[in-house]
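For reference, the structures are reproduced in the following blocks.
Shared between the two complexes below is chain A, which has chain B as its partner in the first and chain C in the second.
Up next, the complex of A and B:
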C-alpha cells in the first residue's frame, strides 16, 4: 500500500494563511507541483515562514528547488515584506525560473536575458509584450515597462502584478492544509 | 522534474549522523523522488539541533501514512558519545505504528493481546514470526514484559506487551546516501 510522505521539521506552527501572499510565478510553480510533494512543501513553508517571523531583517529563504535535467530549474522563496512606513508586514512567497541553457531568468515582475547578440539588445522593447520575445504561459499579456542593458545582459521590468492572496488563490492547497 | 524541498541550512558542523535498523529500513523503502527532500530535512534538523540548546531534544523529520493506517516516522536526536570518544553524534531513529503495535529498533509494544500468545515470545525468535512488518527484518527477541491493560470500567482488557529486541548496529548515514547516489 503506497505511503504518503510529509517530510520536514515538525516544530513550527502554521503560517497565517490569511495574510500570506504569493506572486504569479510561485503560484504557477506550486500549482504544477505533483500532489505527493504537497505535504512536504507545506511543512517547509511553515518552517521558512516561522523563521521569517522570528528573525528581524531575515534574508529571503529558499524552500523549494526543482530541476528538469534539461536546463530548467525552478525555485520558491519566502521573504519578509515591509509596509509603506518601513515596518515589517506579511511574508511573501516568490517564484524564480531559470532556463540556463538559453540564458533566461524569469521572476514575477522581471525577465533577465543573458548573453544576447547586440542586434537584440538594441531593439526598442519598451511597451511591447514580452511574449514577442519569450512564449511562456506565465508571461502572457505582460508588457515590458523598462529595459536596462549591461554588457550582453538585458533586464526587462514587466508591468507589475500585485501580490496575490494565498488564501484566495491556492484553493487546492487550502484543502490539503 | 526532480524536486528538492526544504531550507538551505546544512549540517555545517559536520556532526556524524548514524542510523538505527528501522530508520535504515524506512530510508531504503523511501521512493526515489522523496530522497533529496529527506536528505535536506535531515540537514535542516541537524542544523537546528546544533544551533539550539536542544541536547535532550528529538526532531521529527518524516511522517508517512498509508490507507491501511500504518504510520512511520523518522526522528533525529543527539546521541550519548561512545565511552572511548568525545565526538558528538546524532542518531536517526525510526518508528512504525500499525494496528495496536508500535515498533522501534530496540523494542516492540503491542496492546491488547491475550496472555495465551505470550508463550510464543521466546528468546532468539525472529520478531517477524510474531509481527508481520518487513521493516523489522532480521531483529530477534531478547525478552519481554507484560502489563495488564485496564479498561475504562476498571476491568483488565488484554495485555500490553513490550518485546525487547536484539541490538542492531548504528551505521553511518553515509552508507545509505552512497547507495542512493550510485542508483540515482
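Up next, the complex of A and C:
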C-alpha cells in the first residue's frame, strides 16, 4: 500500500470555501501539485487563514513555496479582502512566480521585469500580447494594458482576470477539505 | 510541477522563531515514522514541527499537538509534539496503528484490541513484551503496568532513551 501523509497542525478555523476565491496563477500552481500534497496543502491553507483571522489587520500570508533549484520559485499566499466599506469580505488565494535568474516576476494580473531590451519602448508594448515577450502557458492570450517604468523596473499590467471561485474551479480539491 | 520542484516544496506558514534542532528530542517510534517520510515532504514536516513548537509556547506544556498523520505500509501513523516533563524541551512522539493485527503502539505503551481472552490473566508485570506480541520496532521492552477493559489490554512499557534532534528529517536541511 502506498504511503500518504497529511502534515500540519489541526484545523482551528477554515475559510468559507463557498466564498473563497483564487487567482488564475495560484490555480495553475495548485493544479500542478501532485495529489499526495493536497491534504497537507489544504491543512496549511486553514492554518494560514486562521492566523489571518486572528490578526486585526493581517498582511497576506504565504502558505506554499517551491524552488526548482534552477532559477525559478513559486509561492501561494492567502489574504482577506475587504469590501467597499472596509469590512472583511472573503479570503483570496494568490499565486506568484519568480524567475529570478532572468529578472521576471509574474502575478495573475501583472508582470514585473527588471529590464527591457533597449530596442523596446514602453509605448511599443501596450496592447500587445505579453507572450510576445515571455512564452509561458499561464500568460497565453494576455494583453499588456499599461506599462509603468521606473529606473530599473518595468511593470506590465495585463488584461485583468477576475478572481475565480474556489468551489467551482477547484472541484478536485474539495474532496481534500 | 516537475519532480525537481517537488523536492524543494515547502508547505506551511512562516515561523517567527529560528529552528534549533538541538533542543528537540524524538522518541524511537517517531524516528521510525520519520525514516520513511520521503524527501519531498521533509521541509514541510520541519515547518509543521516548528509551528507546533511555537504554538505550544502559548499553551499549557502538557498539551500535545499533532504534526503528521498518514499511512505507511498499511499502518496508520501519527506524530505529536509535546514537551518533556523536566526542562520543557520539545519532544516528538509517534503512534502506529495496525488495525489488521489489532494493536496501537505508543512510545511507552501498547494497546492490544484483539487479545485472546486468556491473556488478561496470563500477562504479568515484568514480562518481556516480545514474549506476547512481536512488534520489532518496540525492541526488547518490559511490561511495567497492565490495564484491561473488555477486549482491550493496555500494556505500559519501561522507558527508552529519546534520540537527540529530529532524525532523518532535519539532517537533510
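Here are a few things to note about the model shown:
One rule holds for everything that comes next: the second predicted complex is superposed on the first by the 168 of 177 C-alpha atoms of A that agree within 3 Å, B and C clash if a C-alpha of one lies under 4 Å from a C-alpha of the other, contacts with A are read in each partner's own complex, and residues count from 1 in each chain.
By definition in this document, a residue touches a chain if its C-beta (ideal position, glycine included) is under 8 Å from a C-beta of that chain, and two chains touch if they have at least 3 such contacts.
Small disclaimer: the values here were computed from a predicted structure and weren't measured.
When both complexes are overlaid on chain A, chain B and chain C end up clashing with each other. By the document's definition of touching, neither partner reaches A:18: not chain B, not chain C.
Of the two partner chains placed by superposition, A:132 touches none, neither chain B nor chain C.
Judged by the touch definition given at the top, the superposed model places A:40 against both chain B and chain C.
Within the superposed three-chain model, A:9 lies in touch with chain B and with chain C [touch as defined at top].
In the superposition on chain A, contact of A:70 is made with chain C only, not with chain B.
Shared interface residues of chain A (contacting chain B in one complex, chain C in the other): 1-10, 33-34, 37, 40-41, 44, 47-48, 51, 61-69, 74. Within the complex formed with chain A, the chain C residues making contact are 1-2, 4-14, 36-38, 41, 44-45, 48, 51-52, 55, 65-74.
The residues of chain A lying in touch with chain C in their complex are 1-10, 29, 32-34, 37, 40-41, 44, 47-48, 51, 61-70, 72, 74. Considering their complex, residues 1-11, 33-34, 36-37, 40-41, 44, 47-48, 51, 61-69, 74 of chain A touch chain B.
On chain B, the positions that touch chain A within their shared complex are 1-8, 30-31, 33-34, 37-38, 41, 44-45, 48, 59-68, 70, 72.
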